[in-house]
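Labels run A, B, C and D following the written order; every chain starts at residue 1.
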Amino acid sequence: MKITLDDQGRVKLGRMECAVVVLVFLSAVTFSLETLPDLSPRFRRGLAVFEVFSVFCFTGEYAVRLMYARPRRAYAFSFFGWVDLLAILPFFLSLGFDLRAIRLFRLFRIFRLFKLTKYVKGMNRLRQSFQMVREELFLFFFASGIVIYLLAMGIYHFEHQAQPDVFRSVFDGIWWAVCTLTTVGYGDAYPVTLAGRMFTVVILLTGLGVVAVPTGLISSALSRIRDDEQRQEMSG
Amino acid sequence: MKITLDDQGRVKLGRMECAVVVLVFLSAVTFSLETLPDLSPRFRRGLAVFEVFSVFCFTGEYAVRLMYARPRRAYAFSFFGWVDLLAILPFFLSLGFDLRAIRLFRLFRIFRLFKLTKYVKGMNRLRQSFQMVREELFLFFFASGIVIYLLAMGIYHFEHQAQPDVFRSVFDGIWWAVCTLTTVGYGDAYPVTLAGRMFTVVILLTGLGVVAVPTGLISSALSRIRDDEQRQEMSG
Amino acid sequence: MKITLDDQGRVKLGRMECAVVVLVFLSAVTFSLETLPDLSPRFRRGLAVFEVFSVFCFTGEYAVRLMYARPRRAYAFSFFGWVDLLAILPFFLSLGFDLRAIRLFRLFRIFRLFKLTKYVKGMNRLRQSFQMVREELFLFFFASGIVIYLLAMGIYHFEHQAQPDVFRSVFDGIWWAVCTLTTVGYGDAYPVTLAGRMFTVVILLTGLGVVAVPTGLISSALSRIRDDEQRQEMSG
Amino acid sequence: MKITLDDQGRVKLGRMECAVVVLVFLSAVTFSLETLPDLSPRFRRGLAVFEVFSVFCFTGEYAVRLMYARPRRAYAFSFFGWVDLLAILPFFLSLGFDLRAIRLFRLFRIFRLFKLTKYVKGMNRLRQSFQMVREELFLFFFASGIVIYLLAMGIYHFEHQAQPDVFRSVFDGIWWAVCTLTTVGYGDAYPVTLAGRMFTVVILLTGLGVVAVPTGLISSALSRIRDDEQRQEMSG
């Protein structure tokens, strides 16, 4: 095992990094398998053993990282320091308590997945493009919020009388508005009155872009940043 | 409280602006809460008190703005002048009448939300990009209208016989066409006959862009305008 | 009424053009109203009278255009010549026959709507952008066809046993594939078996772009053509 | 029949290529027709005869290609060599065995369709654009995987208690997450609890782009490559 520090002072564990990635993947799979309703007791025991093994490994990794990090506090209080800690903490906490009550904590095990992001290069370009269109993104999310609220108010007004069980309050309207504007359209709620339908048609045709434009903004910002990089490489 | 006029003669209220934004947000939340079916009478009374308080504040704001605006009529008949007025008028109108009959007016309370747009900078870029692709947007909305009408006529023709309750008239067809072309697809209406399905498949694959292209136009116009601004800053 | 010929030899009818646009719109609305199930006999008679009146106007327009066009055959056999003829022909054909049998012809009345496109300028830019990405569009439509066929074959194989009523043949699979790849998702057909769902998940995540990319191609081609025009105007 | 080798040593069969394309199309259609439940025995026999005929043709084509290819192994082990072989193999394999057991192999007949891609020029541009945005595509598919897993875990946690039949395990959650993020929204599974809905709203509004951005990346890469080609043609 080779232990080095990268140029930002983060511990790199050489070949071990790969093993951790594999373990994180396996851990995600086993956590999914655990939720299957009809598992044989033997298979379930196998999953539990693997769980103990993986927590053991992650604990060891956390200890090594903490030991070699300079300064130590920089790692402990960094984003990935917290993720690494939260990936193992729920297991130890659940030892002393009733398992069912603490089940909610186990959800934090999914934080382990975030560790994978450490291993992927090139996130920089994506971060840059987000920064480039930050203001427009904010504006569109803000506009989305307003459009969704207006839609929710409108549909509650038009449909509450006709479908009191479906549109019980404005909050049901918000759920419907989000499902409609993102074009998911589950079909659990939809307008049935003439006024409600006309309202929906007008809003859909004019307001659909409010949710869809941000996607286009990010993708065009990404291509621009890639172009700029290429031009700099060619001229530099 | 500091009162100034911006370069377009609009009244700016200094620190009060922030308070108004918060009040508009709270007002939107309370209006949503009011529609919840199972509220305790005490909580409902609290919401009513807050309603009176917020209308009092908005009225005061309206008065201050009206007083300091030069010329006064410019504010009173401006877009935000109307919004500010409509945000408070329904409350006063409902005092003398039966509340249930005038309930529809209360929908105008959502106009308060529009006041938020005053406080956001950078809308200019968005407006510019809309103006840049104005003609294409009109063309595509026009084409959307025609495609939706043709779809509605076609589906009514193909499906009316098979599903007389679902496709009662061309207007049901319009509702279906809008839900389909925007890819919402609630599932409350869909073709079941072979002819209707073949018709839908052909139209979907060729006509989907009619509704989706405008979104792409706006996002690419936005990135172009941002690029032009950056180039001017760098060269200027 | 002023009658002129534009530079391509087409008859222009001056102020009458506007009247025709209004008439086409009204005609589209009345045709929709006719399909409403619960109309009073009097209203229905009014619609019939308007129908006769509009056909009378369109016939007059057709005669004027035919008379003044040079050469006459160029108009008679042009696209809009056919549309103008088909817009009035069904009415005259239905006089001598049983109305119910010929009802299908009345669908051609919606061709009247196409006449509207004559009055809109700026379609050129759109046509150019289509020509610009012609090859890519063909490739993507071709690829869409293959992906949809493979999806249909796959889902039929995986789901026919489990849902023989929903996926009766590959053609039901095609309907499901189109509704899924365009993300409409009515919910009248969806996989329920594990294999079918895994198949759908893989195809959805990799093949969604096959249907969505053409939209992006057209919108970016449109912005490019607009840019080129602007540059030519500035330099020219 | 003219037999030539293209510059990469692949056998070109002159006019026969067209015949093969037509045969592949017809073969795809007949395979679909075969799955129709209510076919007359005579029609079914006709389909079987056509099947024998098409396999005979494809076998002949395979033999010719194999004979003339230099070196022979290059064709036999190339991608299209395998496709050509798999397009005819299932037929011969099924002769000696029980037909029903080997039916699964017949699915490979759809490989015939892949042969069509050989005949289409211009795929190069598309391949280039994929290569151009390879890294971003990988990142986004990776991020999609994580977002879908987190969504599945979250929705299972929030909805399992309320809808144990719909969200039986995390795998049902994955199915729901894919259907939701791609905005297909069949409506066979959707959250009903307040927590589940709030979770879905937040994830939908922030994570929708994870699945949609790759489409925008490919289309903007495609337009860039076309631009570069045009500029080279103009300057060269």
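Remarks
The rule is short, and it goes like this: a contact is a pair of C-beta atoms (placed from the backbone, for glycine too) under 8 Å apart; a residue touches a chain by one contact, two chains touch by 3 or more.
Predicted, not measured: the structure shown is a model, and the values here were computed from it.
For the two copies, chain B and chain C, the CA superposition rotation is 90 degrees, given to the nearest 5.
Using the average of C-alpha coordinates as each chain's centre, A ends up farthest from chain C. Annotation: A-D is the more contact-rich of the chain pairs B-D and A-D, by number of C-beta pairs in contact. Copies chain A and chain B of the same chain sequence form an interface built mainly from non-equivalent positions, shared numbers / all numbers used being under half.
As a whole-number value, the distance joining the C-alpha centres of chain A and chain D reads 29 Å.
A straight line joining the Cα centres of chain B and chain D is 41 Å long. Across the assembly, chain B contributes 171, 174, 183-187, 212, 215-216, 220 as residues in contact with two or more other chains. The touching residues of chain C, when paired with chain B in their complex, are 28, 31-32, 35-37, 104, 107, 110, 113-114, 116-117, 120, 122-123, 125-126, 141, 144, 171, 174-175, 178-179, 182-188, 211-212, 214-216, 218-220, 222-223, 226-227.
Residues of chain A touching chain B in their complex: 132-133, 135-136, 139, 142, 146, 149-150, 152-154, 156-157, 160, 168-171, 174, 180, 183-187, 190, 194, 197, 200-201, 204-205, 208-209, 212-213, 215-217, 220-221, 224. Taken together, the chain A residues at the contact with chain C in this complex read 183, 185-187, 216.
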